[in-house]
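The following pair of complexes shares a single chain, subunit A, combined with subunit B in the former and subunit C in the latter.
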Partner chain A sequence: MKRVNILSVCGSGTVTSSMVAGKLKEYLSDKGYHVETVEARPTEAMNLAQSGKFDLLTFTSPLPQGDYEIPVINAFACLTGIGEDEFLDEVTKVVEGLKK
Partner chain B sequence: MDILKEIIDSLGAAVVVPIVIFIIAKVFKVTTKKSFLAAMYAGVGLAGFMLLINAFTPIISPVIQRMVNNTGVNLPVFDVGWQATALVAYSTDAGMIYLGIGIVLQTVLFLIKWTDVFQPSDLWNNYSYMVWGAMVTTVTGSFALGISCMILMNLYSLLISELLAKRWSKYYNYPNCTIIAMHNVEPSIFAIVIEPIYNFLGLNKIKLNPQTVQEKFGFLGEPMTLGLVLGILIGIIGNMDRITTIMAWGEIFKVGISTSAVMAIFPKVAAVFSQAFAAITEAARKMMSKQTDREWYIAVNDACGYGEPATLTCGLILIPIMVFIAVILPGNQTLPVVDLLAIPYMVQGLVAVHNGNIVKIVISGVIWFSLGLLVCTATAPLFTSIATTVGVAIPATAMLITSFNILGKPLMSLVFFAFLSGSPIWIGVAVVIYFAGFAFYKMNKQKITDYIDVQAAKNA
Partner chain C sequence: MDLDLIALNVEAEDPKSVIRELGTRMLAKNYVKDTYIDAVLERESKLPTGLDLGEFCVAIPHTNTEHVNISNFAIGILKNPVEFHSMSEPTKTLKIGLVFLLAVKDPASQVGLLGNLMKIFQNVELMKNIRNATTKKEVDDLLDFIQI
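After this line comes the complex of A and B, so read on.
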């Protein structure tokens, strides 16, 4: 089983980041991936993203500018439900492109 | 009814809340597997929270008690933060009832066009009404009064949210979205009223760069560092009378590291709990049918604004200021702690109305949140008592708890106090003011939103 590590960022690493993480876990495990997620705050996102432990980053809060070194995807669609399929497609594309 | 109450009381919130979540999820036709998982998240989050807070209170309360008794620092009200408050609110009987009522009410209000904001997409923030309603129910013994209080607050916050919607949406650049959390839209009323006065003083011409502040004060916004600094500070003040002993310094560092732990771990525990809301929120959102013939807004969680530069920066600047004010403000007994990290949520109404003008936001924050501290002080005994009934163990008379973010609401507390009095006159006044405000807003909607926008544009 392929492993995917996702860093999910919101304001406090509490409410929306865990909802997005839960959604991705469910969606990707149906596609045969084993998903690990970590929820985080915007100010710690950069260090965590650069730690090399994560394959991609999703966010619902604006992020500090900079080079996160991994694909960064806006998960705002998960909050409204509008454009959610496009968000999931984008994640799938990134996940499928990962070198294993 | 009495037997039901006895069963509920003996099971405790960590068992009953999951059952309620499961039932609501099933009503919304969520699959049994998902409903069960949602229920488990709720139960595990609550149980974890109780274990954590009940380990923390015996460490912090003796220090607070000695701080109050032996020094001039009379701050026995400890701010445990919004996450803890949400978990307490969802565990109360009144809260569980509103979980169901809220979804139905908010959907109907949207569909009949009473409001332009579709609220069930941010169900999580309903705890903001529950905590006040639960306090009303506890004091008056009446569920009817508690629930009426929650409904009226819900109506008020929808009105404020609608007033703010266009501005928030434009400033934070989320088309057709707005925030709904009552605790974070409330301050925008103050901002709208004070904005012309600030401009008269020329504050609209001052522009500060958020980046430099963030680089200098960023460490303050880290939960572990902030927790350690505040914990050690409380520890030192609480040990003043024996500061030369080894025992004192042992306690000082223990309180420091424990406060740091609470600040870092509360969000994780609440994160487990909040996953319970994902499935229901998603199901409730399906009722948001396409609206073509009207301007409308989807309620989104206030996380969407948290990291915006002016928002985050004002949050940082206000951390040391609010701690200082807590110490010197006459009549205040509240020490803001965990919710100091929530200030970037609390200022969003101010940020949107003042259009990111940092000086204005900080001044408004200082004024409004200082009033908030007084409201926290006034409501702390009641909030502590409902927290105790759902299983938070707080040693009697040692300290009280509050949430600086959720309970420090000057305007909303007026509605609460009206219901708390049980007096038909005061409740009547609260209802009449709502309808008057509602009618005035609906009749002048375009003019009012235009006015707010024109004012905002005056900022450099």
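After this line comes the complex of A and C, so read on.
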């Protein structure tokens, strides 16, 4: 099974990032991926993203500017449900494009 | 749900009042620590939690796990809309009629609760029904499917 490591970022690194992580785990495992997630705050995001441990970063809190070196996807649609399909499509595209 | 955590007809001028009203109820029942309310207020001022769901707007103030004793959430049905700032665009304000004050002790073990909360936010009909509820029992019944 293909593994995907997702960094989910939100203000407190707890509530909304966990909601998004939960949703992505469910959605991607249906597609045959094994998903590992880490939830973090915006202040921790850059370091973690640049560590090389993650394939992509999703956020529900404004992120500090900078080069995160991995795909960064806005996950608000996942929370509100509005535009959620587009969000999931975008994540799927990134995940399917990963070289493993 | 703990019926003491359901507040109907809340009269508030601003997010601070709403958070204090709901936070005090959570504190009274020891779900949260003394530091919780201030922590939520501080977080809200830097990283607001208003969600624009199109037809409806809801706010989900919360803070870090270290201020929580036992996971739970309180609901505030506001008498008049209060302006919260938007989570996705913090300079923008949203008129909020329904507030969920969240206290999460351990997100990893609360995937079910968080998932169910997400389902509420994505169900505009359900939120309208909650907003129009006239008794705590009504709200409790509407949220029957949530397991803390």
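To be clear about the criterion, the second predicted complex is superposed on the first by the 100 of 100 C-alpha atoms of A that agree within 3 Å, B and C clash if a C-alpha of one lies under 4 Å from a C-alpha of the other, contacts with A are read in each partner's own complex, and residues count from 1 in each chain.
In the analysis below, a contact is a pair of C-beta atoms (placed from the backbone, for glycine too) under 8 Å apart; a residue touches a chain by one contact, two chains touch by 3 or more.
Model, not experiment: these values are computed from the prediction.
*Asks:* Would subunit B and subunit C fit next to each other on subunit A once aligned, or clash?
*Replies:* With subunit A as the common anchor, subunit B and subunit C collide in the superposed model.
*Asks:* Who contacts more of subunit A, subunit B or subunit C?
*Replies:* Tallying touched residues of subunit A, the top partner is B.
*Asks:* Mind working out whether A:Gly97 is in touch with subunit B, subunit C, both or neither, as first, second, both or neither?
*Replies:* Neither subunit B nor subunit C is touched by A:Gly97.
*Asks:* Taking the superposition on A as described, I'd like to know which of subunit B and subunit C A:Phe76 touches: first, second, both or neither.
*Replies:* The answer is both, since A:Phe76 touches subunit B and subunit C.
*Asks:* Is A:Ser61 touching the first partner subunit B, the second partner subunit C, both, or neither of them?
*Replies:* Both partners.
*Asks:* Which holds for A:Glu39: it touches subunit B only (first), subunit C only (second), both, or neither?
*Replies:* A:Glu39: touches subunit B and subunit C.
*Asks:* Report for A:Val15: first if it touches subunit B alone, second if subunit C alone, otherwise both or neither.
*Replies:* In the superposition, A:Val15 contacts both subunit B and subunit C.
*Asks:* Does any part of subunit A touch subunit B in one structure and subunit C in the other, and if so which residues?
*Replies:* Common to the two interfaces on subunit A: residues 11-19, 22-23, 39, 42, 60-62, 76, 79-82.
*Asks:* Spell out the residues on subunit B that touch subunit A in their complex, using ranges where they run on.
*Replies:* 83, 121-122, 124, 172, 174, 177, 214, 218, 221-223, 267-268, 270-272, 274-275, 277-278, 281-282, 285, 288, 298, 300-309, 312, 341-342, 344-345
*Asks:* Hey, which residues of subunit A end up touching subunit C in the complex?
*Replies:* Answer in residue numbers: 11-19, 22-23, 39, 42, 60-62, 74, 76, 79-82, 84.
*Asks:* Which of the residues in subunit A come into contact with subunit B in the complex?
*Replies:* 10-19, 21-23, 39, 41-44, 59-64, 76, 79-82
*Asks:* Could you please specify the touching residues of subunit C with respect to subunit A in the complex?
*Replies:* Contact set of subunit C toward subunit A: 43, 46-47, 49, 51-54, 60, 62-65, 87-88, 90, 102, 104, 107-108, 110-111, 114-115, 117-118, 121-122.
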